[in-house]
Amino acid sequence: MPKQEMIAMILAGGQGSRLGVLTEYIAKPAVPYGSKYRIIDFALSNCTNSGIETVGVLTQYSPLELNSYIGNGYSWDLDRNLGGLSILPPYQSMAGSDWYKGTANAIYQNIQFIDNHDPDYVLILSGDHIYKQDYRKMLRAHIKAEADATIAVREVPWDEASRFGIMNADEEGRITEFEEKPAEPKSNLASMGVYIFSWKTLRRHLIEDELDLDSSNDFGQNIIPAMLNEGLKLLAYTFSGYWKDVGTIFSLWESNMDLLDRPQEINLQDALWRIYCRNILQPSHYIGIDASIIDSVLTDGVEIYGTAKHSVISSGAVIEEGAEVIDSILMPGAVVKKGSKIDKCIVGIDTVIGENVQAGHSVQDGREDFISEKFCSDGITVFGSGLTIADNVKIAGNSMLFPNEEGQTSDVVLESTVLGII
Amino acid sequence: MPKQEMIAMILAGGQGSRLGVLTEYIAKPAVPYGSKYRIIDFALSNCTNSGIETVGVLTQYSPLELNSYIGNGYSWDLDRNLGGLSILPPYQSMAGSDWYKGTANAIYQNIQFIDNHDPDYVLILSGDHIYKQDYRKMLRAHIKAEADATIAVREVPWDEASRFGIMNADEEGRITEFEEKPAEPKSNLASMGVYIFSWKTLRRHLIEDELDLDSSNDFGQNIIPAMLNEGLKLLAYTFSGYWKDVGTIFSLWESNMDLLDRPQEINLQDALWRIYCRNILQPSHYIGIDASIIDSVLTDGVEIYGTAKHSVISSGAVIEEGAEVIDSILMPGAVVKKGSKIDKCIVGIDTVIGENVQAGHSVQDGREDFISEKFCSDGITVFGSGLTIADNVKIAGNSMLFPNEEGQTSDVVLESTVLGII
Amino acid sequence: MLIDAMGIILADNSRVRLGELNDARAIAATPFGGRYRIIDFMLSSMVNSGIKHVGVLAETKYSSLMDHLGTGSHWDLDRLQQGLRIIPPYMQSEFFRSPNPQDITGLHDFLKHSVHTYVVVAESNIISNMSFTDFVADHKNSGVDVTVMYNHDSNRLGSPNISLSFEDNKVVDLMIDPTDPESDCSSLGIVVLERTLLMEMLDQAIARGETLFNTEFILEKYQELTIHGYENNDLTFRINSLATYFSASMRLLEKGVLQKIFKGENKIFTKVKNESPARYLKDNQVSNSLISDGCDIIGSVENSVVFRGVNVGRYSKISNCIILQDTVIMEGAELSNVIIDKDTVIRSGVRLQGSPDYPVVIGKGVIV
Amino acid sequence: MLIDAMGIILADNSRVRLGELNDARAIAATPFGGRYRIIDFMLSSMVNSGIKHVGVLAETKYSSLMDHLGTGSHWDLDRLQQGLRIIPPYMQSEFFRSPNPQDITGLHDFLKHSVHTYVVVAESNIISNMSFTDFVADHKNSGVDVTVMYNHDSNRLGSPNISLSFEDNKVVDLMIDPTDPESDCSSLGIVVLERTLLMEMLDQAIARGETLFNTEFILEKYQELTIHGYENNDLTFRINSLATYFSASMRLLEKGVLQKIFKGENKIFTKVKNESPARYLKDNQVSNSLISDGCDIIGSVENSVVFRGVNVGRYSKISNCIILQDTVIMEGAELSNVIIDKDTVIRSGVRLQGSPDYPVVIGKGVIV
């Protein structure tokens, strides 16, 4: 096996709690996106397109669906005999057992894995961002600058800069200071959570950080500041393409809508930078006689007999006769039955919306007992996965539908199934 | 994907603490065996040869080496797009997080994984037994008897029966009673830890067992007795081939020696039931000009310039000029330097034995500071992995060599490296 | 249950012609149904029945076929043992011989290295999602030499039609393209027999210098061997002419057909292309059609099957058409009853019209 | 670093003959060194250099080769994109043409579908563990049309010997098998050039009706193109005759050779057979030999290379021999300077003796 110059470690263990019921049973990176993808497809495809053949995926929270989805890495051409894709959950050892405490601790617990591959550089990624990036270019910049660490940054509007982790850098891109959500930002370069480290340097810092009992073992909060304190060379590498953290209901919805409104920015049709995904084994989609589809994206297995307008329809989803789906996302296998109308809704995997339901942003006098300002905003309504929704109900915008805490159903949510989707 | 009639779940999470330093950094199923194998090769090869294509490997303790070894399952033809081999570590979920508490709890925590594959039957195996078994035959017996569970048993000598879990069965093989290490055994049918369950029945019992807070969540201690209590049909299926639990230093040594003394019993040359293993990428072995090899097995990458007598020599191991290796096991990469003589020794992965060392059973007046009656018996001496042993030392039999508790070396163990072998 | 059978798929059939569509590719490699090739149906049916060792007997023109099948990974047939093998004419024996595209010694070699008791031999020109489990079990239980699958196909069109006459379920006569058939039982070109029996038959044929292998090669021995029939009641389309290719494609649009063939428990596998989802822009008008990933649809499409990566331009009108992969239909073109091969460009304003029995075919890669 | 190159390996070379060993198999598929085939060395060198797209240009006799290479998985070349492809003569164009085993249009097609800038073209008959990283980088930096790898090989034996003369590192003359060479620089049959340049050269050759492709095809253009040399200093054995095959095998037994070729950071990959470990029973006598898994050794073996699954019977004596896979040497047989092909049986008491320059060769599968 040729020595790996750089291997990638994808942090995919977070619960993604701001996505509410969408991450009840599945880890955030496994959440469906863009009609035929899962969020993690972007990080995995970026790796394979960048020629990175050894990829560790660090999992912890509800990994079953994610593990099933990733499988042996075949869909991303990462089913290699040597290297390839490895799923790295927490484990027990002679030294004891620990869940991953923070992003840096997760890598710390896998030092041995990385050492086995003996890379010069380690790329640390998040599994829940939508973007296309050639990490080779970033590595070349890292090598050329003889940096110890290179952090991908993007320019954000100055008035939003105080919401991000901001890198202050000199003219040559050398980072002088890192500020988490600064009140008065000195720069508008926000960290994307994509790091290249020279492995020897990172390895030492991970061990030192682990010994510090006060540390929260996080890259942004602990490792980067410690490296800066030590006077190491940290490079800010500016990335200018489409990038979105889909960590909230609103950003997930918005990033899906971007495919319709700004298709050139993310450009899924680029044959030189394919986004790979697990094949869904469905026939081409069928459009019925009286169907109408406007300004939408669809994929295999979809059947449309009603109307889809400015929506993202995932594999195997069905819109029945007379039903209307507007500004919405149907996740795989979702069904909207006859006469229903939904607007600005996200419908979870295999959820069935009964007949003549009205739900979402434009509904007047809808029931408000599911409104959930904690998760939903801007009128977006979310239906959890595996639900059966009653006929003829009206649901107000900003709702989140799921059975109650005890798992009990109601007159609106008639049934709820824990799903194994693959 | 054709529906899987039966899937296999391999319990590979145990620490194997009776193997002492041999399982310090690696899980028991990953311990080398028989010159070119790891222990788990037998369970995995049995599955693939029995046509089972969906295999879950439940890991918990020091899984890194085991995971690296198994990889994507390619070596056992289990790198399937659908099904194939899945590594199943403990995980966190909405319901909380738990390490695997017992064998039954490990399966309980993976009910969703099994449900996703929707099998009729589930085969539960241990990852640390040396045997060749066609599970199809056992399944046919299970189906024919319309059993709820079928347990593989083998006849043990009556005077040893009180050391095993004994199944008392009627003439038709129906189990009437299970006794763990009975003082006065009524039968000599000992459980092999190989179970076939009808999944629906097992599923219900796993859930009931989990609710019982007094249960130790173990198949032998809890699930089987509960099924017997309920009056379910449990079949004893007699297996008559070679079988060995290599859970102790002595049994591991003995089972290796069986390859030399009773080669027909396990028969590794059977082209119709190959034992697959990960390819080691080494050339054919080289035998030097003055070498002597008697009654031994060798594999690729070995170099012998001295003498190997009645020994099992693993890939990449070296015996230098004038060195003698007798009744011993050299694990991968072990080196015995010039003039050394070892007898009834197990030498761990990549351990280097210095020049003119004498170690083992036949040594007179050897140093006794490493004697470890807890692990070693019958004169067997064990060298841990990654050690460098000083020249000219004499080590008595029944020793176990490793750095002291604090990882400090000594005048005998000069160096110790934590190993990443793959 | 595990099935003790291997499979042989015949990639081509010298009696079947699909016009320009198979000028450059085997019948087996002809695109069908939006994202598939014809062989996907037989290959998936075998894989779904648990058959893990499949040889595809290729004659000529097999570049597309090799490209499509690759390592067999999309059918999970990239295996260390067994798996998928293409048996091209050249590799049939170790020694270089005068090339005979229908040399059958390679098939014999392939069979020799299998470990299975039975072999299912199938022509590739059947669109269906079937199981061979009962078929093989029935053959095994009956103890006869050969079992042939047949059906009563009222939709039958085109040649070849291998008509079978039975007495007590035993084949007693076989007619090829009878004008006045004695029987309405028509072979589906799928037979099962013991591997060693097939090897013996091939041995004899090689000794006699025969070179042609197809299912009739086996069925014609009905006087020497006991050949039983096995009736298949699945939804099945025979592709043996351009007209049947066209009508089978259109029948996919009928109610319930998609569900029966594609959406049951057993899936149809095919090569994955990783196209982006299809985009429907404003002003499109689509009705009763199958559309595939990677398409950009602005124009109007009805009663049609549109493959991957097709662009349907503004104001264009497509009806009763089959549009193969990566074709571009430019603004205002109008097409009805047309089959367009891949990588073709239909320029603005072009009008083409065929009829269902005689669809117009536009060859691969041309600009019209 | 990532390498922007694809590879082409030529499975055969009409100038090279290994006697009966390649009666039935390409040079590339000839077993070598106990568990390998000759192509493993070039293929592993490419894979270890980061080349992920490799075409193996086969001529005739490629059944063994296909069997050995399989899906490419043993070299980790079973990839969705790129990976390993065998380019047999027949599949070279979509249309069926009069078969020409040395047709080069298929190679052109294969190159067309690659995305890499450079292509490394290599004959397969070199045993070495080399890296192409510096070779390709040197070519890129020099900006010349073609770079050819050569060495000064004092162990050279046999034909062909492509002797190169340089001026300022530019090839100014090329002689094939010169009796009185002007230069001691000998081509290793490995060149690198831009993919598009090779495609142009092939285009012209196709237009002129040429059908032969090998590295001389490129090197002979030294007057039109600027061809530079790149000296290789790795341990390298040329296999271009039975005598060089024999001597290269024997050199594996010399001190340090195994380490240099097999035991460095980069490994030589090959097809895995899953044989059991070798067993040495009582009364054997083995010295200075390479022995493989699956062997049962009771007799005496010295200065020999023994492949997988060989049985060396009691009282037999093997010296200076190469014994290929699954051969059985029965009790008391005596062999020296003999090459025995696979699946052969040497009966009790048989004595065979050759010389290092003219080793006796026993063909595949015979009983002596």
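Order as written gives the chain letters A, B, C and D; numbering starts at 1 within each chain.
Here is the rule we use: a residue touches a chain if its C-beta (ideal position, glycine included) is under 8 Å from a C-beta of that chain, and two chains touch if they have at least 3 such contacts.
Predicted model only: the values in this text are computed from it and were never measured.
Using the mean of the Cα atoms as each chain's centre, the chain most removed from subunit C is B. C-beta contact counts were set side by side for B-C and B-D; B-D has more. Inter-chain spacing, taken between the CA centroids of subunit B and subunit D, is 40 Å. Between the Cα centres of subunit A and subunit D there is a gap of 47 Å.
Residue positions of subunit D touching 2 or more other chains, listed in rising order: 73-74, 80, 267, 272.
The set of subunit B residues touching two or more other chains comprises 74, 80-82. Residues of subunit D touching subunit B in their complex: 33-36, 73-74, 252-253, 258, 261-263, 267-269, 272, 274-282, 284, 286-294, 301, 305-307. Across the interface of their complex, subunit C is touched by residues 1-3, 5, 51, 74, 77, 80-82, 136 of subunit B. Taken together, the subunit C residues at the contact with subunit D in this complex read 23-25, 60-64, 66, 71-73, 78, 80, 83, 88-96, 99, 101, 109, 272. Residues 1-2, 47-50, 73-74, 76, 79-81, 265-267 of subunit C are the ones that touch subunit B when the two sit in their complex. If you check the complex, the residues on subunit A that touch subunit B are 15, 24-25, 59-64, 67-68, 71-74, 79-81, 84-87, 89-94, 97, 99, 110, 112-113, 115-116, 418, 420, 422.
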